[in-house]
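Encoded as structure tokens, here's the structure I'll be asking about.
Chain IDs A, B, C and D follow the sequence of writing; residue 1 opens each chain.
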Amino acid sequence: MRISLNSKRFLTGLIPFLFLLVSCSSNHSVSSNSHSKSIHSPGPPTYGDWLIRNLGSDPQTLNPVTSSDLYSSYVNDLIFSKMIDVDSDGNIIPSVATSWNISKDNKSFIFHLRSDVKFHDGVSLTAYDVKYTWDKIMDPKSLAENKRADFEYVDRFEVINKDTLRAVYKIPFSPALESWGFSIIPKHIFEKEDFLKSDYNKNPIGSGPYVFQKWKSNQYIMLTANNNYWGTKPYLKKIVFKMIPDQTVSFNSLLKGDLDVEGLTPLQWKKFSKSSDFENKFYKMNYYTRSFSYIAWNANGRNPFFKDKKVRQAMSYSLNRELIKEKVFYGLGELCSGPFYPKSWANDTTIKPIQFDLNKARLLLSEAGWKPGKDGILYKNGVPFRFKFLLTSSSDLGKRITIIYQEDLRKIGVILEPQQMEWATFLERIKDRDYEAATLGWSLSLDPDPYMIWHSSQIKEGLNYVNYSNPEVDRLIEEGRTTFNVKKRTELYHRIHQILADEQPYTFMFHSPSLVAVDRRFQDVKLSNQGLGLFLYNPGQLNWWVPKDMQKYRRY
Amino acid sequence: MVTQPILKISHLSSSFKSGHNYIKVVDDLSLHINPGEVVGLVGESGSGKTVTALSILQLSNCLLEGSIELNKHELIGMKQEELRNIRGKKIGIIFQEPMSSLNPVFTIGKQIAEVIENHEKISHKQASLKAISLLENVGISQPDIRYHEYPHQMSGGMCQRVMIAMAIACQPQLLIADEPTTALDVSIQSQIITLLKDLKKQYNMSILLITHDLGIVAQLADRVAVMYAGQIVEDAPIKEFIKKPEHPYTLGLIKSLPGKHKHGEKLFSIPGTVPNPLSWPNGCHFHPRCSYVEDQCKVNNPCLFEVSPGRQSRCFFAGRLPDEK
Amino acid sequence: MWSYILRRVLLAIPTFIGISLITFFIMHLAPGDPATMALQGDSIGKGMSAANIEQMKETLGLNDALPVQYFRWMKRLVCLDLGESLKDHRKVTEKIWEALPNTLLLNLLALIVVYIVSLPLGVFSAEKQNTFFDKSITTALFILYAIPVIWLALLLIMLFYVKLNWFPASGIQSLDSEYMRWWPWLFDRLKHMILPLVCFSYAGFAVISRYVRSSMLEVIRQDYIRTARAKGLSEHKVIYKHALSNALIPIVTLLGLELPGLLGGSVIIEQIFSWPGLGWLFFDALNSRDYTVIMGLTVFTSILVLLSTLLSDILYAVVDPRIHYE
Amino acid sequence: MNKKSYRHFIFRKILHNRLALTGGIFIIILSLIAFFASLIANDKPILVIYQNRLLLPCIYVPQDLKQADWLNIINKSDFSISPPIPYSPIGVNLNECLLAPSPSHWLGTDENGRDVLARMIHGSRISLQVGIIAVGISLIVGVYLGAMAGYYGGWLDSLISRFIEIMMCFPFFFLVLAVMAFLEPGIYKIMIVIGLTSWTGIARLTRGEFIKIRNEEYILAARCLGLSNSKIIFRHILPNAIAPVLVSATFGIASAVLVESSLTFLGFGVQIPTASWGEILSQGHKYLTIAWWLPLFPGLAIFLTVLAYNLLGEGLRDALDPRLTGSGDSW
């Protein structure tokens, strides 16, 4: 399970996501104004043509074990295959592992693998490769910290025979299954290599639907269809990832046809894609990524403001989210009320997001003892309500929200002093809990387990840097992690949602819209309705095909 | 037999453009040079003698009126291409500052050969051979080694010799020497003067020698013309000039020669200074400083007239000046 | 001459050490560390727990004292091994060799274009000083210089890529370039190079032509130019042979100053035109605090700077015979 | 020519030079606008008589009215004068986002509904100061070090030259980053950093000129007169060496304005909500095809300022250096 905050394309564009626990198939349809239903043209799917996608810049590395950024996971998902995978509704489906069974005490899993899976160099994939991959993840020298944390409670993972493996846990751990969907690396190749410096990290050999062909750094990565792929053969002959960092240039490349898929900013979506020729050239897809943006109020007592719940509630009341949604997202975002994905079962839909109400904020602040001074600024035992507000200088939307928020806060006598920081500096201040307030965002994995963020044990070491500790919430989280029964977990998480909505450790802001345009020549383009977008689920783009007459790249 | 003058300047006046008006620096100058003759053009600095020299080859960008004839070819108004065939070929020129008159980034040999190649259609090989012989001709030792040296590696005197070699490379009929020795020390000066004398005989060329040093004129020149404030005030053969100058200014010049004064006496010097071209006095330009000044000198403008055959002076009392003992 | 060059090279070594020392310590002054950045990529993830970061620092050897780290780096440098990038563990030399030709190619072409255009312009405006020609050229060049690069890059893209579709706006070659025969391949590379080249060189015209003009004006008034005219040489020869060869001396030292710019590349132009050059590489390394890549780049830039200053001094002696070095 | 008339001579020369004159006038107007920015564009009135108190809110706001809402103060006041552009540069008004230029907003509004003209007027302060502070520092440091290296030569020269080489290949971004992280991030610190890292070009040029002029006759003469070294350097050598330095200084000022806009584009520049031309231009970058006026006007302002600096510098350089004026008049 992996939670991460994305800052480079904060609040816009594609947000990282990987795995999901078993969840009931929800029937919410995607928001009304998108055309996600794929238009079937007559005739069976045909092979051929290329798909050109855009990554902002080079992926970190193409070694699935050591990589941690979104771009490498996009490419690796096509090159490598996994034991288990996820479908568009977020359910876990078999992949290399045909089936798996969970012991009665929910503590051990047995995976049964297919025997006909071959690596791109012809060597067949066995349980030993899976074990080798797992050993490499657990080996500290391979620097795969963010994956190793998933297997904290694993007692042992052993090979029973060529096609079966067993994983035994110390305690029953409900979000366990999804963590076994990691990309399998070839043991016979990496055995002989120095794991970090090996040349295979730049031209990987996997067992997935696409074979790596060429990577010219900061130019493009080219993958070709794997003819003897063990699963259903992909229709598209080649997939190319271009590196175009500038949004204006990438948008125009899309219009000119040099790109087939590209994310749009809310402004481009609203002002541009209304034109008719955009409509009949591209599908327009709009969905909520599994992420939310928030303002973190540091309650570690070093500042005299945010330890008090009333003050935090007042701050949430004074953020005019409705107007921001209208003017910044052009009505496309959705207000967020708690730490869970709106369509996930863990989200309690009865809790409504806080409405913008300055008078209520003034009332709460005066109850909390903050009285307006001569110059209109609030004071409490001599201390003016003036605090520093951290944001990253690379996130354009973060800046706009801060400016609007600053204006409203001034009306109720609170002075917000924005401090723009370069990403690495910002990260350092957050890590050392050296801030009063900061605006960030989380992108969630499929499993809603909030242990990493809200459990009091994570205050010193983990990601709970707002210093939030509530014994009841701790108990609920621990219970939630060990029960496998979905109905029980739903009640627990709904209770957590109510407490957090009341205590407002964060001011929960928005679920950011992810807006994608895809060239209409592709058929069977399907959008996941669990926020997995177009590519981060199986089969994703493997189903896409282009009728013979509309194929653009045919020569090679 | 009346010899045809090589160079005949009549009523030349050249003026500099400054702002929107023109300042006349040389005013109605007439001078002629006969073949093989050395004419000294003498005057204090600022009297316009260098401008006159440069105007002959139109090297200074000033407006020229009047006429300059070289063997009956009128130079003023001549097309640029034809003027180029005159420069360096028919008229050679050497300047006062030899060190800065040579291009620092080219060897002296190359700069000499350049003149030859420019005017005579001969191969580079022959041009450099001719340049080496010229260097020898002007008295530079080991000319084949010196050929490849740069101007900064040579002394002032040697540079002047190179300039002379360059000027006479194409056997010009006239050599203009603009204060050739002023920048050199005395011992080198006499060497340069003897060199000029030999070359005059050898190439039978006439020289226009521009200087402020009467001593050099006496040694080298056949005839002398004295300039003051843009005008020629006296033009006479050298011997008669020294014996009896016919113009108050030239009289003063001769008197101020160190050799002429008696022991213990204070050296004589003409009072006042040369007027600025912007503010030439009307009437005779010299009248503010002239000790024989009369009223008419201040009003009307004396013209250059024949005092005796071959002698001219621009003074109302020319010929009737009392002899100074 | 050779002893002078040897002396300069020996002198360059302490300078080089000085450069690497200052860069190394200021680099560690800036907050943020490669371990956190390598773990997070572009987002705060589970790995941000303090234990993981400490573990990562330990394996990368970032916890040792700074001098120890510096000497370790210097030891490897002596045997020409710049180490591996902290972000993706690829050899630093390999990463730099990939980006170097792109930046060098573009900047060299820009430098050549700038000098080819501004030299004659400078000479003309000096020759015809204060005429209409001189004034209009100068004003036109200043107008060109004043255009902000961000603005120009966008206008070029909108005009030539979006509207006229003459030149592509991103990348250094099209995807199917290796299938082409050599001639279309070359044409394709050139087409990709036009827009970034314009952005790189348009500002240089004004700067270089101003220097050439002021240097020419000074030379034209010298005595040897009058001598050259007195020799009856054509005006063309006087200006282009005698005057220009003297006026070039300060321009040569200017060339020396331009060479380091070759490596700098411009982050903005490379990001807008997705030109995989050193500017982009440096900016990425800077953001992810990739110390070894940054030090590797500094080594390259300092070698080029020291070389270019030495080269411009030697060129000075070649062009001006009055100067020679014992 | 005595001292006074020499300055008068230069001034007359510049007046005579039409292009430099236009540049100079533009800069003067710009400085006036920058100086009186808060009086030209502000939501607070310039002068208001309210509850029989005479207030000048643009200049000084009394304590109790710090957070006051000036709109109703104006309505309720007996008499008030509002600035010509009644918008504050940082006042957000989300109902007027991305409006095209219109009589109410002469240059349109940006994405947050802030008036572009008001932001440009207040931004002019930053863009003007960037040039002057950055180049001022680099001129002082560059000329001084260049002079010392060029005049004295020997070990001092090689020491300073080595220092110049070190500074030439020092990654300028890092210094910006370190400063941004340690001191409070702010544009003035960035200007100082730009100044402290861009003096190497000027230093090399000055050194070259000093070496050339050092052994000229008039310098030897000055030495024979027993003048002190510093007098020789600053009274005699510097005026002759100033020409190339001035050329690079004018380009320096111009490029400092451009560097500020690039730094802001990369996210290192000015802090929100202060306005600077670079910041508006980098915002406008995204709205090129939609809101044409956002990138156009700041780009135009930067363009005109840089052009004006160059023309003024060119005229000044021609006037100051007597050797270069050639014969007769200037333009």
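The definition used in the following text is that a contact is a pair of C-beta atoms (placed from the backbone, for glycine too) under 8 Å apart; a residue touches a chain by one contact, two chains touch by 3 or more.
Fair warning: this is a prediction, and the values are worked out from it, not measured in the lab.
Remark: among chain pairs A-C and A-D, A-C carries the greater number of C-beta contacts.
Chain centres were defined as the mean of their Cα atoms; on that basis the chain farthest from subunit A turns out to be B.
Note: centroid distance subunit A to subunit B, computed from Cα atoms, is 93 Å. Subunit A and subunit C have CA centres that are 39 Å apart.
Centre-to-centre separation of subunit A and subunit D, using mean CA positions: 45 Å. Each chain gets one centre point, the mean of its Cα atoms, and the points for subunit C and subunit D are 25 Å apart. Multi-chain contact residues of subunit B, defined as those touching 2 or more other chains: none present.
In subunit D, the residues touching two or more other chains are 177, 181, 285, 288-289, 329. Residue numbers of subunit C whose C-beta contacts span two or more other chains: 30-31, 154, 158. Residue ranges on subunit D touching subunit C, taken from their complex, read 19, 158, 161-162, 165-166, 168-171, 173-175, 177-178, 181-182, 201, 204, 208, 243-244, 247, 251, 254, 258, 261-262, 265-266, 281-282, 285, 288-289, 295, 299, 302-307, 310-311, 314, 317, 321, 323-324, 326, 329-331. Within the complex formed with subunit C, the subunit B residues making contact are 57, 59, 80, 84-89, 93, 95, 97, 100-106, 114-115, 118-119, 150, 152, 163, 166.
In the complex of the two chains, the subunit A residues touching subunit C come out as 1-8, 16, 50, 52, 57-58, 60-61, 66-70, 140-141, 143, 145-146, 148-150, 196-197, 201-202, 216-220, 222, 240, 242-246, 248-250, 252-253, 255-256, 258, 422-425, 427-431, 440, 443, 452, 458, 460-463, 553, 555-556. Residues of subunit C touching subunit A in their complex: 30-33, 36-53, 55-56, 59-60, 84, 87-91, 95, 98-99, 154, 157-158, 161-162, 165, 168-173, 175-176, 179, 271-274, 276, 280-281, 284, 287-289. Only residues 11, 14-15, 18-19, 22-23, 26-27, 29-31, 129-130, 135, 138-139, 142-143, 145-151, 154, 158, 206-207, 210-211, 214, 217-218, 220-221, 250, 253, 257, 260, 267-268, 282-283, 286, 294, 297-298, 301-302, 304-306, 309 of subunit C touch subunit D when the two sit together in their complex.
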